[in-house]
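Each chain carries a letter (A, B and C) given by its place in the written order, and its residues are counted from 1.
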Amino acid sequence: MAEGEGSPGHKAERMDYFLQQMINGLTLGGVYALVALGYTMVYGIIQLINFAHGEIFAAGGYMGVIFLSFLTANGFMEAHPGLGIGLSLILSMGYCAMLAMAVEKVAYKPLRQSSRLSVLLSALGMSIFLQNGLMLTQGVYDKAYPTEFTHGGFDLGAIRISYMQIGILAVTALLLVALNALVFRTRMGKAMRATAQDKVMSALVGISSNKVISLTFAIGACLAAAAGIMVGLYYGSVRYDMGFVPGIKAFAAAVLGGIGNITGAMIGGLVIGMVEIMAAAYLPMGGQYKDVFAFVILIGVLYFMPTGIMGENVDDTRV
Amino acid sequence: MKGFTRIVVLTLALCLAMGAAVQAATLKIGSQSPLTGSYAADGNDIANGTRAAIDAIQKEGGIPGFEKIELFAEDDACDPRQAVAAANKLLNEKVVGVVGSYCSSSTIPASEVLDEGKILMLTPASTSEKVTERGLPYMFRVCGRDDDQSVAAMKFMTDFLKAKTVFIVDDKTTYSQGLADNVEKLAKEKGIKVIEHDHVNQGDKDFSAVLTKVKNAKPDVFYMSLQNSSSGALMLIQAKRMGIDAAIIGQDAVYHPQLMEIAKDAAEGVYLTFGFIDEETPAYKKFLAAYEKYGKPGAYSAYAYDSAYSLLSAIKAAGSTDPDKIKAEIMKIDTLGASKHIKFMENGDSGSNYIIRVVKDGQFKNFWDPQTGKKY
Amino acid sequence: MTRGSRVWLLFAMAMAWLFLLLWPLLGIGPDGSLTFGEAFAVWWKIALAALACFVIHRLSRAGVFEPLTRPLFRLTQGVSRVYGASPKWMFLVPLLAFALTYPFFTDRYAQDVAVNVLVYVCLGLGLNVVVGLCGLLDLGYIAFYGVGAYTYALLSVHYGLSFWLCLPVCAALAAVAGCIIGYPTLRMRGDYLAIVTLGFGEIVRIVINNWMSLTNGPNGILGIAPPSIVVPAMKDGGLALETVVMRQLSAMYYIILALAVFTVVAVRRLNFSRIGRAWEAIREDETAAELMGVNTFRFKLLAYAMGAVFGGLAGAFFAARMKFVSPESFTFIESAMVLAMVVLGGLGSIPGVILGALALVALPEVFRQFELYRMLVFGGVMALMMLVRPAGLWPAARMGKRSDDEG
């Protein structure tokens, strides 16, 4: 530590500090994992870095606060808080799915035969467009989440676990299990995997690649929306530019785990979240250079191990 | 044909002259603040405070020689580049004076540009010492200075809280770090142990790592030096969630209703240093009445109001738009403004008057006066 | 359902979908109310504009506008033929004359805008070298701008070195930064390259923002000296050399004009040289280029370095002009803006990039009332350009012929 002595001295304290940071890291990692899944699935299927995905995450956060504020004002939240959150979650997932599918149809589909550069630039343009759309319709100020019960927590020894942290971990785990079931145990999932593996052949055996692509965007958006709401509940507010940096970090997580690889994205997200928190906790200047670690990992992985931890999963039949 | 041409020319000349006369009858002043971006809340407060002052002066009969007063409100988004561009625009409009900016990092470059055009600049919110230490003749400050603000905070810690240890966190901006460094220095002088002085980045959302350190250090006081209320609110929520029970002291940048809107119960009991605004004075009530149509006043509305009002009344007293004459009148000002007692020193500062306020029941309330050492 | 009416159905569905997306953002009040008015007000304006575009598109498809477009087309053909046939100096000389005399008939504000435009012209041309000529999608280009600016800032504040002396130093350091940033990306795919350069751009900004002892962090560096020139003057009865500090805006304008002209000439020479051809080969098909003997490694590094040089020069000027630098000027949005200029103007095209800079810097000044919508329009335009006119407003002139070109 540079100035003063902030690091805990005794071994028990050190352990508590470590565990506390672990929990912080897992929570953050869960959020990154959810967003990374959207990136990885889209890249696996059409080899596009969907820059707009970060804004879908932000839109999810906004939808959450819009629905929750509405329900709170109507007294619904007081009566049924759990149902209120659940309803907001579903509605905002639906909204983001619609938004993502619209973006795909308008900005990506017409460019499927164009060069990679064109569609990448289109994605970048859409990202800026969506972010500013949010700003213009929702205002430049932070928008506060109307919930207060998310501030509480309980003590486990010297470690403090907040209810929201449990909530985030639970919801993340649930969604990941659901996704796994969808992708690996249903026919639709099989169609998605087939299209990701070889688009042309899948089309030849009768799988509509358009439908599969739309579905992929929709599912990715649902996950991002959930992440957005949870971030809003956890931190207490959302802002129109909240999607940019987490978006890049989530993409780094997707690459780390192996692009196109769903399990890889989950693991990558957790790793990036942990690294960020642990670096801030233990390195002397770590807190300030927090964001840099994700980028450094991204660059390092792409340079030394481009296929990621779990190996990538893209359609490599297209040159 | 010749006669006709002459008439046309004369008419045109008359129109031009009238146009110029109408132009001359408009007093142009400017405001510069972040109308977009993270600081938009305070930036809009500054623009609105200026407008309220214009309304007030016009209600009192306006300024003789000018039919109307026009405000050019420019946006600098707390970005120095945009600040210079905005200043250039105001320079081009040949405004007589500018109220602004908010971020010290914007005020400083903008003032250099405005100085070239001998345009007066009154800042209602930039508290960095550097603003008035560059020897610019037309630079004035209506808010307090950071070296005074940190002294007030330190007095609170020693005299009221009787603190022995403090943990300082700032976001490295001129303003926040300036305050934090001052507090650290003063703490060492007064014998308070500075457990650690850590930094976060502007725009960060997740403070769990640094707050875990704070929790583990168990300080008496947690000095939270951040540049805006939204970051402040986020930090408070996470601090409360983590169970940090140290006394939390913030400063004037987090003084905004947004803090309570976002942090809700997590903001209860948080102290902050803020320039004392006596809301019982007739000047404040006048300001409140003038500001009513713009909404609820924020932290800097009153300061901006006072800046603009001082400028306009100086122009009125000087009876001209000559910058030196106006400056002479400004130096003569010695009144009770809406925000504080307005009297400018040689370098443009107007003194500081910091007190400790506390968040209680979702409202800011005056708590402790460092001058007298008494609670309110 | 006929083909024609199906298209109308799709259009109607698209408009309905738009409304469904727009309404929750505008219509669900935090006070518990559900209003449709505001959403509808925004929606019908967009729908009307979309309808107009759609109708025009269908009509032009049906050939209704033929009598109008055909003579117009012939006119533009004629103009471009004349342009192609006449010697370049016929257009360049009046343009140069206009540029040189610009400060004499414009006010301070217009000069300020012109200086901004020229700075972005330099940046755009530099990025053009990397993206347009060599095909490397660099999303972190603004890092070189920052390196140049901070280099001059530090040299000026700590060592008092003159602007002119620092220019080559800034260029050299920026080139080194270009090599450092470019090196890891050399073996990466196009999309990964984009995100990695974005990451680098952000890393540079975060480092500048945090390295307090070197860069003073978010507070920036104050007190940078503007350029000064040494002129002979009559002093004390004899000829002596006097240092004149160039503070006026018009002086700044001429300096950046000189830098911009230098950049234009340099990029043009690079483009029509062996280096430029190697870059074009790499852009079109890297594997084939490698097979034909082009050392892709070296040329890609060279592209980064050369692009960075122009960015660094522009950065040094920026620092000298503002007399103040801070990390807030070097964010990703700036990189995106420069990229938008290059894309809008035409990848690889020099007049296109100049046009793009004019459009994206000067036009928003004209539409200052719509300041809030500026970035929205940027984003939309970028996506739209890719959809309708990926070659840009003034596409690059091709060198030689390609088998799939007509004529």
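Note that a contact is a pair of C-beta atoms (placed from the backbone, for glycine too) under 8 Å apart; a residue touches a chain by one contact, two chains touch by 3 or more.
Keep in mind that what you see is a predicted model, and the values were worked out from it rather than measured.
Q: Of every pair of chains, which is linked by the largest number of C-beta contacts?
A: A-C
Q: Compare the CA centroid of chain A with every other chain's and tell me the farthest one.
A: Farthest from chain A by mean C-alpha position: B.
Q: Which chain is the middle one, judged by CA centres?
A: If we average C-alpha coordinates per chain, C lands closest to the whole-structure average.
Q: Report the inter-chain centroid distance for chain B and chain C in whole angstrom, where each centroid is the mean of the CA atoms.
A: 35
Q: As a quick test, compute the distance in whole Å between the mean CA positions of chain A and chain C.
A: 31
Q: Would you give the residues of chain A that are in contact with at least 2 other chains, written as numbers and ranges?
A: 285, 288, 291
Q: Which residue numbers or ranges of chain B touch two or more of the other chains?
A: Residues 36, 172, 199, 201 of chain B touch two or more partner chains.
Q: For chain C, give me the residues that contact two or more of the other chains.
A: Chain C, residues with two or more chain partners: 206, 210, 372.
Q: Which residues, counting only chain C, touch chain B once they are in their complex?
A: 107-109, 112, 116, 206, 209-210, 212, 217-220, 222, 247, 322-326, 328-329, 371-372
Q: Within the complex, which stretch of chain B touches chain A?
A: Touching chain A: residues 36-38, 40-41, 167, 172, 193-201, 204-206, 208-210, 212-213, 215-217, 230, 233-234, 237-238, 240-243, 258, 261-266 of chain B.
Q: Would you tell me which residues of chain A are touching chain B in their complex?
A: The contact residues of chain A facing chain B are 1, 3-6, 8, 13, 16-17, 20-21, 24, 27-28, 140-142, 144, 148, 151-153, 155, 160, 162, 164, 231, 235-237, 239, 242, 276-277, 280-281, 285-288, 290-291.
Q: In their complex, what parts of chain B are in touch with chain C?
A: Residue positions touching the partner: 36, 75, 78-81, 84-85, 88-89, 91-92, 104-105, 108-109, 112, 116, 130, 171-174, 177, 199, 201-202.
Q: Once bound in the complex, which stretches of chain A touch chain C?
A: Those in contact with chain C are residues 43, 47-49, 62-63, 66-67, 69-70, 72-74, 95, 98-99, 102, 106-107, 110-111, 114, 116-122, 124-134, 136-138, 146, 244, 248, 251-252, 255, 285, 288-289, 291-292, 295-296, 298-299, 302-303, 306.
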